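Shared between the two complexes below is chain A, which has chain B as its partner in the first and chain C in the second.
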Partner chain A sequence: MTQTGYVGASSSITAEDVPAFYEGAKFYSPAGGDANRSSVISWLAGLLDRNGPVPLLKVEGVPPETPCVSVCVLGSGSAMADLPPAGDEFVLAVQQIERLQRVRFGAVYPLAAATISALVAVVTAAQLRVPLLDADGMGRTFALIHHTAMHLSGVSPTPLAAVGPTGESVLVEVPAGPRADRMLRANVDTVGGWAALAAYPTTAGVLRRAALPGTVSRITNVGRLLLDRTDPDLLVTRLGAITGCRRLARGRIAELEHLSRPSDVTIPAHPSSVVVDEIGGLGRQLRIELRSEIVAVFADGALIAGAPDLMCLLDVSRGALATLDSLEPGDVIDVLVTPADAIWYSPRGMEMVGMGSHGIPLAHPRQR
Partner chain B sequence: MPAQAHIGVTLRPHRAYAAVVTGTTVDVVEPVAPARADLEGVISAAAAIALRAPGGAGAVTVDLAPLLYDTLVRPEAEVPPVAVVRIVPRPATDPALGRSPAELVERRIAHRWTVAGGHDLLGNELCPLDHAGLATVCSELAASGIRHVAVVGAGSQARPAHEREVADAILAAVPGARISVAHDYGGQGLVAREATVVIDCALTALTERLLDRCERTLARLPGSLELRVARGDGGYSTPSRIRVTPVVAFGATEALELCGAAHLARLDDCRVLLPRGGRRLAGEVRHGLAVVRPDEPAGIGTELVVPMAVLTAGPEESSLYLQPEQPPHVLACVGAAISQPASWLDEVAFIESADQLEHVRRDAEERATAMVMANGAAPGTTHVAEISTVALPYSPSGTVRVRVRVAGSPDTSLARR
Partner chain C sequence: MRIPSTLPITLGELARIQPLSGAETHLADPARKVEQVVLAENFDRLRRCTPHVLVVLHNEAATGGWSLAAALHLAWERNLSAVVVSRDVAENSSVALAERLHMSLIIIDEDTVDVALRLAGQVSAPAAARALRQARVAELLAEQTGIRGVLGVLNRELNQVPVALVIGGAVIAGQAAALTERPSVRQIEVEVHAPGERSAARLVAAVPVPGPAALDQVESLLRLARPSLQAAWAHSRLDAATRASHEQAAFGLLRRLALETPPESSELPEVEVPSWAGELGWQVGEANRAVWLAPVRPSGEPAPEITFLIRASWQRGHTTWPLVAEGDGWISWHSGTDPSDVAALRRGLVAFRDSAVAHRLVIGVGRAHPGVGGLMRSVAEARLAAHVAREGGPGAVQWFDQVGANAALAWLPTTEIAQVADLCLEELMAARDRAALVQTVLAVLDAGGSLSQASQQLGVHRNTVLARLARARQFGLTYDEPGQRLALHVLCYALTSLWGAGSGASSSSGSGSGSGSSAE
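And now, the complex of A and B:
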């Protein structure tokens, strides 16, 4: 197989890229905490040192008949931090599908090119010694495994395999994608709160039309900016130049609230809210609605951003991203919003991952 | 009523420094080098000043952190070898996942064992404890001659049963072993929790020696000076507590410097720039307490679960920051002298209703309050300085992380005499 890199973007991921890749992946999903940051970086950098850089290929650069499979971490980053991987979970999950389908995958891609899920895709590619595709299914993270561009394009997530840190595994085949997530969640809790997932086995040809392109190569550049730990104003300006993000407001966290909206137990993490008093500007009171991600931001009661927008928080004092499990009253934060991939603003995309899916049936600001 | 004088001491690798704080007055102790630049000489010189204060002399709060850090980073430093017993469902298949990412931590580890067992974040058992494997570990450990043992189990902060069972078995096999168990510290992340107990074990002997010296020095002095030890979060604890949890004293200096700078500027809330090796690092003080987090301390290479000051690269625009004129060691001494007893709790809980959330918060506050009183706070003086409960992303609905920080006023009845 010809392995084609491309000009103007990274054509491989090396051990030296890993710290920036970690930070950049956090920008596209601020959900996970940093409790096992150094261990994950050490694991991936060690693998890349031993096995060499992982080639990062455009989907178009891979022969269309190449079998490909996506991987991600299913479940909680906090659970994964306290029960770290033994190291073979992702490869075992991929190999289960290989045995079932009697194929050998020629490339791996992240189900979600964000947070720890972006890193484990590199881990898996390095362990299997196959290239990583510069594409994913979400362009960020969403709550459920069928919240993907592949699902919208009619690609089934199954057969899928989930392997837990206990070494136990589950193989799922369902006729309808949304059933798979419900079947998996209970098993994930049983094996320790997280599992290595291999799903969406398909071909590169299908991914050319079904996956979101360029979502892996951009991560390292974003991460390099974040590692600079520069002045927050300058950082936001620089991030805006390469991601299209903008600052909605700067403010101090006044309150953290829980169970602040009706709960839908099919989606992980209960609804909670962060109340922020804007510093300067219009002196507004912001209300940030959370599930596992930020789902909406209101200013003095008016909706100013909402899913599927990518919203994240920058800890102004530290000049670093604030993860949702580390927020504290008194922290000064910048609320940043970045447009998601266009596919998520389509009627089907909005129905699946828009604010309505989180119990906030309001028109999206970009549609008014 | 005239103010009592309090002494702050910071122990640096090559000399000790002290300052006496009486209300808003600060007297920097200038020992006569070299004979009086050591711990005993500096404390004695500071006590001589403090005992002349109209309100009398109160306490001596010692910052051990620079010496602890120096000992940890010097490969040739005499530190007892530490054994690690990790309790997880199965051992790591990749060497990087079976060790600490921090070389500084790993080089203190003489041997590692894994015993099958462990729980999830909410305390559900994932794997029964492997008693046969534990028996083998105990017999190998007894034969190894290692007497300092760090034990960390997955989910032990929620259910410490496996850690306790392992610790009991080790103690039976190796009488007199110094065992540090991770559930004593709570926090998030097995690797961070493991590094915390390894450092705890490694620093035990040095901490004991330093506190012995401090206590002998105070015993020779007139008055009723009470010994306190600065914590990483900028508060203080009693010597007896620090002897069994020395890692709590690790990394105290930065928080003390921040609080010292704020005190000298007579500010309760401020951002402070501290000089560090030609650079400036920024930290923050809120309501008189340094902003702290469990994080990756500079130069360690891994996260720890004991909170320390959050320091970041200084900004280009520094007009909004306090830039103290006093040298860092003076700030640390002042910060130590004015420190309050403190406690910190960081754990995961499960709620299904607002009532349960309130119960979880109240329970955490009560336990943190009991801890701060054990650390030297007077009854009735404690207050919740910070509390946050956040939903854990991608966890089952109802899973929350609870963090509580409690501070109090010193219990003066703890004075030596």
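And now, the complex of A and C:
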């Protein structure tokens, strides 16, 4: 394994970084499937080969008046696998806002430095031939587009443009940020099940205080660790050094429960839970609550981790992250919890993405 | 002091009556008291519950999955008595977690609000709830027709309180654990009078204290069981009485058959085994070995209840062995093909030994003879052997093979002979050391006049024997006169066996008869 070449504060993303970048992006969004892995990786790697590496700059390294815009994928990853992008959707979305605001964006940043959205930010930067900012709005993924640090800092997500794989687009302008998601959801199915989104047009100066810094280089580093298949215990220790994650417990999956329980209607989800018998330790019964991601972990009925913590499962036998659709009773897994960025534990952050937003009216373990 | 009606109801009691009796219960501790019922619609309400509350989850608190797990954890934190949930939200993992937290979980099919209201009513009036339960038990008991059935209902309903029906010291039905005395267990007894009897049996319940059931409640339930038990008993006694008289009559017929056939010379009479013997389950074959069970102290014909009990323990494991009441004892026999095969009989006798001691019985075993005539002969031998066995006290077994002519001694009217001694040997009977003198003379006579053998058998010095003989001779025990020897020998034997029996049945020092009696 090569310890050299870790992405620093001001560097670039090359074609060789793409697999690690993909793995790291998956770590921060463990719910995502692997359906379009190879196509996305080869698309991005090819693009970087042709257009050259994308510069990755600290927000502070960019002049404050530089106009910046964020991009992400709206809608489901499986829809994207069914109807792959033509390739120009993200550029088109950015250019719509450029036309509307009569500006030319000098940098692109991911709305969420996780999942496929992290990769399309690189794609967009490569296509527009602008640098990528080492910052994002979530530090992981959340369900709705106003669940961002920018929104908490008073930056409006609009005007925003969503371009579907069909070539159709939607331009949204709303005075209140949370309304934007409502309006977009209604259109996503119509434009092809997913859409390329360009939003939060602002300047680098605003982003210095409003965005979460260092989150893009972080996923590359995490991805390198994950690709370097190693002993799970060692992997958890190394991940802990970069992300602050720790192991809650190791256990064997005893039961998968697929129930349709009433849940908050604003979040698209299919609640179910995984029951895990802890191996060693206190032999606790763990209950992992799933929505579109892992939202809470209970040990013997006591809440020990919950949103906005980032929880993921590590398949101990493979030494790799387990996706939620690959779980089987009998699997031995490590339950890992990574603290989210500090802003999410503020009262307003908790209100937006905390346990309550998932219909669990319990106090977060960090609040007790 | 304890006032029964205000004692809080326990979880175990609640689970026995509607609406929870139809629910799926996972009780960690049925003895947990329930002081209040709370219908909790959210977690705030759960957090405000006080200990010993039974909580019914409802609405937001009952969305299943994580919410039930969290509710169970809160219930554990708050030391609640139990958690009641609708079946829609309970999963296997919830039951597993409840067991892990040692928290009672009750899964209901009915509406949660409705159940909570009814439970609240029951918890607020525990006496009414208990009465309801007693009524239910009474119904169940009334449906039972057998003793086992009645005890089964009691043991099931009293859960954790073992109940047994006891006659004398023996458990007739139920759980023998009811009799074992332990700390923190109170025994409750209720006498059960058989119809027309003074006192026959007791119902014994071992109630853990503190436990799920109040003492007075257990007692009233035992009382409730009494009529069913008496009815069941009367019924079975009727059956047993019929069978006993049937067997008695059949055996009488069998004996008459054997007698009516004139014996040719000394050969045993050849009698065909009648078919009705088979209907009773009797076997009369090549080698019939009879057994005579007789009380140590004969006192006329035994009561039918005793016959019932003896039959129960004698036929345990040997249902084909008959048991016929005859005179002051009972006849049974074992049939086989090999006359020397006594293994089964020996095993049966060993198993019966405790009962024999308990009922103060002795046992005589005849030799094996073929056919009906042979059976009658074996019966006579067994009876003789039983008389000899009386010397050994309760539980003694005497095989006729080992008795031989000594059986004759068993028939001696020892009491009458001893009275003769009072008249003829007045001086001897007045002497303080009469027992030692008579014993010594008997030993010398038994040894054929050999002083050394006699001293060895008595365990005294030869000179002591000589001195005692001289003194005995002064009192008229002139044992060495040939004309008187037989009479004195019989006299000494009678006196020794009488005194020996008087001073203690098991004392063998006075016996010396050399009859070879073996108490197995």
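The criterion applied here is as follows: the second predicted complex is superposed on the first by the 355 of 368 C-alpha atoms of A that agree within 3 Å, B and C clash if a C-alpha of one lies under 4 Å from a C-alpha of the other, contacts with A are read in each partner's own complex, and residues count from 1 in each chain.
Assume a residue touches a chain if its C-beta (ideal position, glycine included) is under 8 Å from a C-beta of that chain, and two chains touch if they have at least 3 such contacts.
All figures in this text were calculated on a predicted structure; none of them were measured in a lab.
S.K.: Are chain B and chain C a fit on chain A, or do they clash, once the structures share the same frame?
M.R.: Chain B and chain C fit side by side in the superposed model.
S.K.: So, does A:E289 touch the first partner chain B, the second partner chain C, both, or neither?
M.R.: In the superposition, A:E289 contacts chain C only.
S.K.: Using the touch definition from the top, say if A:G223 reaches chain B (first), chain C (second), both or neither.
M.R.: A:G223 sits against neither chain B nor chain C.
S.K.: Of the partners chain B and chain C, which touch A:A254 in the superposed model: first, second, both, neither?
M.R.: Touch partner of A:A254: chain C, not chain B.
S.K.: Does the superposition put A:G330 against chain B (first), chain C (second), both, or neither?
M.R.: After superposing on A, A:G330 lies in contact with chain B but is clear of chain C.
S.K.: Compare chain B and chain C by how many residues of chain A each one touches, and report the one with more.
M.R.: Between chain B and chain C, B touches the greater number of residues in chain A.
S.K.: Using the superposition on chain A described above, determine whether A:D82 touches chain B (first), chain C (second), both, or neither.
M.R.: In the superposition, A:D82 touches chain B alone.
S.K.: How wide is the angle at the Cα centre of chain A, looking out to the Cα centres of chain B and chain C, in steps of 10 degrees?
M.R.: Once the two structures are overlaid, it is 70 degrees.
S.K.: For A:P361 in the superposed arrangement: first (chain B), second (chain C), both or neither?
M.R.: A:P361 sits against chain C, while chain B stays out of touch.
S.K.: Looking at the overlay, what does A:S42 touch: chain B (first), chain C (second), both, or neither?
M.R.: first
S.K.: With both complexes placed on chain A, how many Å separate the closest C-alpha atoms of chain B and chain C?
M.R.: 10
S.K.: If you lay the two complexes on top of each other, which residues of chain A touch chain B in one and chain C in the other?
M.R.: In the superposed arrangement, which is not itself an observed complex, chain A uses residues 259, 272 for both chain B and chain C.
S.K.: Taking the touch rule as given, give the residues of chain C at its contact with chain A in the complex, in rising order.
M.R.: Residues in contact with chain A: 42-43, 60, 63-67, 69-74, 76, 91-93, 96-97, 100-101.
S.K.: Going by the contact rule at the top, pick out the chain A residues touching chain C in the complex.
M.R.: Of all residues in chain A, those touching chain C are 254-255, 257, 259, 261-262, 271-273, 275, 284-285, 287, 289, 296, 298, 300-303, 359-362.
S.K.: What does chain A use to touch chain B in their complex?
M.R.: 31-39, 41-43, 46-47, 75-79, 81-88, 143, 165-167, 189, 191-193, 229-231, 234, 256, 258-259, 263, 265, 267-270, 272, 290-293, 317-320, 324-330
S.K.: Could you please specify the touching residues of chain B with respect to chain A in the complex?
M.R.: 88-97, 101-102, 118, 120-121, 126-127, 154-155, 157, 187-193, 271, 282, 284, 286, 291, 293, 295-296, 301-303, 310, 312-313, 315-317, 348, 351, 353-354, 357, 386, 388-401, 403
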